[in-house]
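Look for subunit A in each of the two complexes below; its partner is subunit B in the first and subunit C in the second.
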Partner chain A sequence: MWAYRLNIPSHWRLLSERYRLAGGYCENCGHKMFPKQKICPKCGSEKIKPVELPRRGKVITYTIVQTPPRGFEYYTPYILAIIELEDGTRVFGQLTDIEPSEIQEGMEVEMTIRKVRVSGESGAIAYAYKFRPLE
Partner chain B sequence: MQKPTIAGVGFTKITAHWKQSLKDLASEAAVKALNDAGNPEINAIIVGNMLSGIINGQENLGSLVAESIGLSGVSSVKIEAACASGSAAVMWACLSVLSDLFDSVLVVGVEKMTDVTDNEDVTSALATAADYDYEVFFGATFPSLNAMIMRSYAKTYNLSPEDFGYLPILMHKNAVDVSHAQLRFPIDMDGYLNSPMVSDPLKLFDCAPIGDGAAALVITKKDGAKNSDHLVEIAGFGSATDTLATYRREDLSRLRAAELATTRALSMAGLESKDFDIVQIHDAFSVIGYLNLEALGIVERGKAHEFVASGDAERSGALPVNPEGGLKARGHPVGATGVYQIAELALQLSDRAGPSQIENPNVGVAMNVGGTGSNVFVHILRRVE
Partner chain C sequence: MRPNRSVGIVGWGAYVPKYRITSKELARAWGKDWKKYAARILVEEKSVPGIDEDTFTIAYEAAKNAIRRARVDPSEIKAVFVGTESKPYAVKPTATMLAEALMIGGEERLTLGADFEFACKAGSEAMQAVIGLVGSRMIDYGLAVGADTAQGAPGDALEYTASAGGAAFVIGTEDKSVARIVGTCSYVTDTPDFWRRQLAKYPSHTSGFTGKPAYFTHIINASKKLMEEMGTSPKDYDYVVFHQPNGKFPLKVAKMLGFTEEQVKPGLITPFIGNTYSASSMIGLAAVLDIAKPGETILVTSFGSGAGSDSFHIEVSDRIEEVRNCVPRVIDFIKKKVYVDYAIYSRNRRMIIMPAGIGDY
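Right after this comes the complex of A and B.
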């Protein structure tokens, strides 16, 4: 199935988001969003400019995946979480450098870059943001 | 304005149909529904399906289904709205009939999920209901996103693991005597609590099973119906969307699209939540079932487990919920589920539901949820006297 093997342009065109948390900032109402959208979901303005989002935040909620999709067997069990960044913007990703038993809601985390997925032996290896506990 | 009317109903048993293809299932259900309706002339077919391209390597289901039942020539398309594809097809059939351009429309919901080589394939296919670039890319599965909703809901309302068990236990109890149901065995609280973790805190027994099935309806106008002894009116319908990704919602312990769709359907029907006599909810995961009951205005937020635990949701209770066992036990062939829900309601509202028949219902509602609440459809059905 197409989803198992990563198509390189589909990853490449999102590198600013996946490496630097590039989001959107509404010049009309000040709302920040991830990802950047054409129209502000809060005020309807089209005046959205790119912005780098803060790299620190806290865990809003999480789950521990025991039944993975194809390509993630190696990482299982792994932790997925919704993170609220310091400016209130929310993102979703894996937690890393932490055991499932250590995680708590409200825990402070920071963005880091890690290998997220591979596509077999010859396919693309994708790096992107994950979140790790603050020291 | 004449309301759209259900003139015929048909469906297959839900199971792993090793001997039957997607086309076989769709045509079986379609022929049953056409016969039930007295074989009226059909002007259009709308097929509800989510995964045929990914799992079966087959799209263009409009043409496939039309040909399989000797109706090549009619207008026919597939409609997709993830797990709500079935009721999306019903809604667009209603709109077609209401347009006055079509008199009779055949709706076929079908899903053939077991034509895969590994369970990981189904997991990946179902994950296409979520946001690929911002969720699935990072290893999100569909259960994992619902697990986060479950954790969030449990925290907001201080629920215990047991509280989520009441709904699947009731669903299994209801399905035992339902001949088309997939999981016809009871479970108890110990069995629920000890079922394997799929995506913590979501357990296996919180999840609907994987299965194959098809359900069909003939939708027409009351005046044009051939068999008038079991007509059921679609009094109102409504649908709404929310963010595709779960993380982009401010409040994870409610389903805003479900609330909006309910408001729209009630408004069209001129009814209130207290008018419901029977309810079909989308219990693909226990927590989503609870959130459906709350969005439908049946219980206060955070109280759905108390309502189910009290016995009020049983077949003999004050407001029966999923008397055929719901997604959890009747089964959840994703793109067909919304049509099963409405077909079962139609049977209930014409006193044809057999062992699962509840006593004299007048108004029923079905809620079908696509994604983690990103695309929700509500249909309100009323008995025709």
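Right after this comes the complex of A and C.
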């Protein structure tokens, strides 16, 4: 029987990104990126250092997932969105504590940590950033 | 018990999920007469965790608020203890996840980290441990969290109260504190009033036994002994906070000890959000700190089944006014709510078993 299993080493390597929204900062041109990349997409520099990004931003665009991939059935329907953080960095992520009928472009949101996927009854739990409406 | 050097609460924070279910809806789902079955426990509604929330995510929110109020760099916090009876993992500390998420102990994570269990007093037990570490000069700051997504079996009496929430306290030296913890007293006995066996999904309890030999005996003994050690009486306190398994017991034990309803009600939160187990008395304390004025005194006594109580004598200091409003208060969480019916509640609490291989949630 199919069962989702979290890739533990991969998840562990990305904890700073998933728990603290750690992205990349190009020391050459000042561009910020999420996730952190080895080469700056703006100037091609390899001088990228980690940086914690602002936790607040606004929804640029979104989609409502009605037919989820396996492992996400419990959460359906859920919203995936592109968030523009306060410093202009754009982040792709899931929204939480919100009904699909409430979502609007421009909505102010803040980062929190929530369960993203759980590997059955005995596997590991993947926690990561999600965004919720700022009230 | 008193620490060797004076300690206090440097920052406090709470978190309550926004979803609520009314006790009337719970009674409806099981065909019970609400007036006969649930009205007398004085819990109108309870909080329900979101589908992606658990004890870690709740502890994270509460701790984040406490650290913001404390205005302490997380790298200076050298102990993080999470008291809970609903650990996401039976074996794997919630405290390490919290340290990672909040950078407690700094980049090197040089911090103690552990989860505590003592039914509903696991959070206050974590506070006691941090008080000991700070008071003995081993560390300058520690974080104690009480958080739970409380379990109550479907249809059981506990289902009317078992809720979700968390509270966190950064404890440090007195000079930085918003409230000094002057003295504490702990009292334990082997009392089988409530338990959950290994691998059991829901707790068991011995109905009427949970009152007199458990809740009332332990709270009364710990509170009386503390007041004796402090040389105080109920009239010396502006506020008193007890563990709150329902809305009725704290009022009753307050009366038995000689406190008035006016002293209890500011910290009596269970009627609005239910029993958050390890966070119950701690959220009550957080609610009192949200409104307390410099110079006021607070008596807090937790209760955990099995059984025991921790009692604290706390004196509010001037710094409280500086940090009070920098994060949401308990009342803000109480007001922010969305009602769900029993179907959504069952789904959020994962009471619905999905077919194998689908919705590994």
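Here is the rule we use: the second predicted complex is superposed on the first by the 132 of 135 C-alpha atoms of A that agree within 3 Å, B and C clash if a C-alpha of one lies under 4 Å from a C-alpha of the other, contacts with A are read in each partner's own complex, and residues count from 1 in each chain.
One rule holds in what follows: a contact is a pair of C-beta atoms (placed from the backbone, for glycine too) under 8 Å apart; a residue touches a chain by one contact, two chains touch by 3 or more.
This one's a predicted model, so the numbers in the text were calculated from it and none came from an experiment.
Engineer: Once the structures are superposed on A, label A:Ile82 by its partner contacts, choosing first (subunit B), second (subunit C), both or neither.
Structural biologist: A:Ile82: touches subunit B, not subunit C.
Engineer: Can A:Tyr62 be said to touch subunit B (first), subunit C (second), both, or neither?
Structural biologist: First partner only.
Engineer: Using the superposition on chain A described above, determine whether A:Val91 touches subunit B (first), subunit C (second), both, or neither.
Structural biologist: In the superposition, A:Val91 contacts subunit B only.
Engineer: Considering only touches as defined above, state whether A:Ile113 meets subunit B (first), subunit C (second), both or neither.
Structural biologist: second
Engineer: On the A-aligned overlay, A:Tyr74 touches which partner chain: subunit B = first, subunit C = second, or both, or neither?
Structural biologist: Only subunit C; A:Tyr74 stays clear of subunit B.
Engineer: Tell me which partner A:Gln104 touches in the superposition: subunit B (first), subunit C (second), both or neither.
Structural biologist: Once the two structures are laid over each other on A, A:Gln104 reaches no partner at all.
Engineer: Shared contact residues on subunit A for subunit B and subunit C?
Structural biologist: 1, 3-4, 70, 72-73, 75, 116-117
Engineer: Help me check something: in the complex, which residues belonging to subunit A touch subunit C?
Structural biologist: Touching subunit C from subunit A are residues 1-4, 15, 19-20, 70-75, 96-97, 112-120, 123, 125, 127, 130, 135.
Engineer: Which residues of subunit A touch subunit B once you look at their complex with the stated criterion?
Structural biologist: Interface residues on the subunit A side: 1, 3-4, 10, 14, 34-35, 60-70, 72-73, 75, 78, 80-82, 90-94, 100, 105, 116-117, 126, 128.
Engineer: Which of the residues in subunit C end up touching subunit A in this complex?
Structural biologist: Touching subunit A: residues 18, 50-54, 56-57, 60-61, 88-89, 97, 100-101, 103, 336, 347, 350, 354, 356-361 of subunit C.
Engineer: What does subunit B use to touch subunit A in their complex?
Structural biologist: Interface residues on subunit B, with respect to subunit A: 54, 118-121, 123-125, 127-128, 132-141, 143-145, 147-148, 151-152, 155, 196-202, 245-248, 252.
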